[in-house]
């Protein structure tokens, strides 16, 4: 049983906390907050032990009527690994504390790659030995790694070129723009996303261009991969369908006005989270050696199963394959619609339960 | 045990189904769909019995790999009440079928008031006797009724004037606009929302003006009520705080970038649903006899507890008050944040569970 | 001939400059910019003399290839009045400079009312004597003053209650939000807009509530005015139709999907500017003593004719009525569509010119 | 002097009319509308002769107070060429009428390529002989043709891959979505835009993928071109800078929050129209043989100079080069900012006029 602490119960942290709590081989010892706000209240209502992230703020929690079990240091001393879910750049400031407590740490993709012994993606990372820290790559890099790894393994990737149309802000970030504009962000091309992918897949050549759009829900990728071989469209669809961390959105005739998060909610996922990349099945198309497709990445959620696998990577001898299977099982990752074209229903759903 | 059927497992229907299934005194016998699409698949995955809404489409379900337990007629014969959750206007077409099967029916607010024996709001409706059908009023009318009833009871309402800034489409309706525009909708004033409120509160004078905005999440109401008396701002806040179907969003210093649905999700609500009106506590303000406030209404969800209470109204002798208490208990309606100003925490949440 | 300088060639400043240049009794001596950017380039291309707003930046203009005629001080010495169009709050910092040069000044609505001898709206302000400075009220306050003045004069205003749905940012401000949200802004009610109106109409009781929406084009007002008398709807429409600074958008059957700025462009207005309030004619509705209507205010433009009239107010003996007529004539203010209901076409437009 | 008629005074038609009227070698004889609405009023206010597009509606114009000079047939008999600016697909219905009157016709890109003798782009089309009709390609295809032609001429294009992020609706189309979503449109890849480009450049291999975003102003293209040679980034920037129908947006340090249409308005362009592609100069980047860049296309305007050149192509012996020069001169096409990096100011703008 791996004992886990989450430092920073925010957008990512709260999801990682839930995911850890759902693993049979992990125990969520506690989560931290800097202030006694609604996130802190929500953590307590969920039954999580709350720790004050900053020593000098601990009293404020009590004053606000929220009980804490200790401070960050107390939490670090009680866990086998800490998952740092602080805002981008703050992980670097937290690192000395983790090291002082000798606590192995997992960082998020907003930190520089140099912060950890290795960057990590469960599907795509090569074997990692003797690491005391890992950095789970960003939502977009996670999405690209999961897609490019099987393509490179099966066909060889000569060059990947991806346009990322990113959401301007998360649903709860109501003050971020843009309004009524699609903005190159950055204006320079390529953006940093390609080099990020190379932290995971060093031999895959990737160029990325990024735009920001007035949406909040998900990032959308327009993907081109020039392959070394020429598979058929059907072959590529079959290959990707076999990936548990990719969900193929079946063709339009089975779905009308569809919101992916709405679908996820209908299937019982908390917050309508989509941990898998959502690939539009009908967009998968091979022209010569050029593969094209569209995929969506849920920026609040897709890194969550990766964090869970990173915990096992750091603290156990469980194989990558086994870890992914356990994570998928516990969270229900690996959607497969009954209505997919060409897919045989894996579980026949009857009228009665 | 009341046996319930839901005709139309859509945006409202799927939520009503879940709410009914959560009631200890109700049994969800089944739900219907017209086509074997993702909504139908989701119903089956949730363990609900699926019925074909249209007789001549039943075979299509089997062909698509989704088992049905029968047709609408079969469902009607097996229940004590049917909740019609078809698109606006379709309820009228369904009515003859319900009458032919002698099945008491509950309709939604998109139908004309004349469709049912009475319109219904749990908090605000006067006593209803001998009804065989009820019409739960629309999301906006529900929101206004819940607010105006206590105000009228406590102070008397001379005139209410409400500007409704409505969402252009639900999150899953990606083809509806507007983009980058706030549009009077309708251009004529007053809009129909006032008269709708009079179906519930016939003696309250209400004028409404409606706009449509490029948002998907919730409707926002800018409310003015000229009262017959002059309460203080604190008195009004206290009055509204006591209403279980109103949630007072505490003052800004406890909350930063906050998305109400995100908060609801954090508290464990499926789909981030908000069944309560969300009233900005700090907006509640009395100037002379004029009360002002802002409230949000979650159009996909606020009518759901009303439908549950309507079921008891139609099929049992349970008092309105008792029904609301049971519904609230089963669904967790009646949020009260630990961080509210002036509110004492009802349940002290400890650091340990 | 009044010699005018514009300090700050920005969103408002560039429009004021064009408007001044169009007046037969005014001369635009020059405009200022703080940096040699595209606004500065545009001023030069338009033929305006450019002055460096900050002395120590003058050289930067030459380096960038943009010739300047001097600094702010030089401009102040060459004009009879300066129109301060700096960002909100900066006018206060500029004031000492204007006073040091003995230059009468006009400020914008973003400055505190105390900055000037009086606040100003051409239609609604009472007579102003012996002022050396004026403050043209904000876009919203301008829009409300123009509407409430004739109503108060004709019927008496008992109480005005206005919900302002404001644009999140101007079209060129692509980094401002919100996205997908309508946000109370401020969350407290009433907002400051009512008191602003009282700087112009001290005896009119006004309560305002403000929201921010993800749009860029215009602000939308949902207006209620409780009058002291009971005019008919037709009477109110007639009264408002007679106001040159109000444009009544005729009923829907004459217009389909219509963008007001597009319409303004079609009529030859630069930038698609709407100097007039745009009142939806069909929304004008009287219920008892309650008047309701919707109006849009173009935040980039409606204060412009007010600035022109303020110049005459400060520097000449021209009567308010005469000034408004000159301003309207020179700019083409006072739209009257040929397709208005109840309006007789003022100029019969023939097939041939 | 070529006599021109515009059939359909809408979004494109009104701009084509203005552009034709500005040409010294063309005469705009008249424009048509189907109904006496605000567009019709605007045409008359601008001094254009108005014709009823449909014979049986002519009386309605007079009834509405708008004088017409005749019907479509009358206009066709009075012109040397008609520019069809009807909604997509309607041009095909109009064609027989043009042919019956023996009037050479220019169609827009929304019609099938087969409607005309040839598709047309001034910069990129090969020589066209003996045509009686032309089809000006769509806004996106126009934008792509202008960019790919010089690249193919200078370096050879091996493969172009473009992601088009299109606006959901024009500013005046307030009922079109999406809201808060970026939607593959179509979901299949490649989209039709590539084949459209091949109507102009048959030998250039182009794959396109298209998305729809909740914006109204412009389309944004994320472009990759694999070239046959390896120019430097500077060489490509220089090449593109020399194209009159491409505008290079200089680097960010000269511009802050910038709206391109706002900039166009500041430079005196009616409606803030951008006839040129807007290429982000700093996005132009060559990696090996892969060129990347972002460009915006103003969907309401970029086809306008193309229509003017198409008129000369059809009705005169003027060379393509000469026509483009005349069109550019008359409309002011070919923006070149004084603040461009590496560009020498073509016209030194002085402080005085």
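The letters A, B, C and D name the chains in turn, as written, and every chain counts its residues from 1.
Keep this in mind: a residue touches a chain if its C-beta (ideal position, glycine included) is under 8 Å from a C-beta of that chain, and two chains touch if they have at least 3 such contacts.
To keep track of the chains, here are their UniProt names: A, B, C, D = Glyceraldehyde-3-phosphate dehydrogenase.
Quick caveat, the model's predicted, so the values are computed rather than measured.
Novice: Weigh A-B against A-C on C-beta contact pairs and write down the one with more.
Specialist: Result: the pair with more contacts is A-B.
Novice: Between chain B and chain C, what distance separates the C-alpha centroids? Give it in angstrom.
Specialist: 42
Novice: Can you check how far apart chain A and chain B are, centre to centre, with Cα atoms defining each centre and the answer in Å?
Specialist: About 34 Å, centre to centre.
Novice: Centre to centre, by mean C-alpha position, how many angstrom separate chain A and chain C?
Specialist: Distance between chain centres, rounded to whole Å: 49 Å.
Novice: Quick check: what residues of chain B touch more than one other chain, meaning two or more?
Specialist: Residues 171, 173-175, 179-181, 214-217, 259 of chain B each touch two or more of the other chains.
Novice: What's the contact topology between the chains, one of line, ring, star, complete, other?
Specialist: Chain contacts: complete, every pair touches.
Novice: For a test of understanding, state which residues of chain B touch chain D in their complex under the given definition.
Specialist: Residues of chain B touching chain D: 168-169, 171, 173-181, 183, 214-216.
Novice: Quick check on the complex: what are the chain C residues that touch chain B?
Specialist: For this pair, the touching residues of chain C are 159, 161, 163, 165, 180-182, 184, 187-190, 207, 209, 211, 213-217, 220, 222, 224, 251-252, 259, 280, 282-285, 287, 290, 292-294.
Novice: Which bits of chain D are touching chain C when the two form their complex?
Specialist: It is residues 14, 36-39, 41-42, 44-47, 49-50, 64-69, 170-175, 179-180, 217, 254-259, 261-263, 265-268, 270-272, 337-339, 345, 348-353 of chain D that touch chain C.
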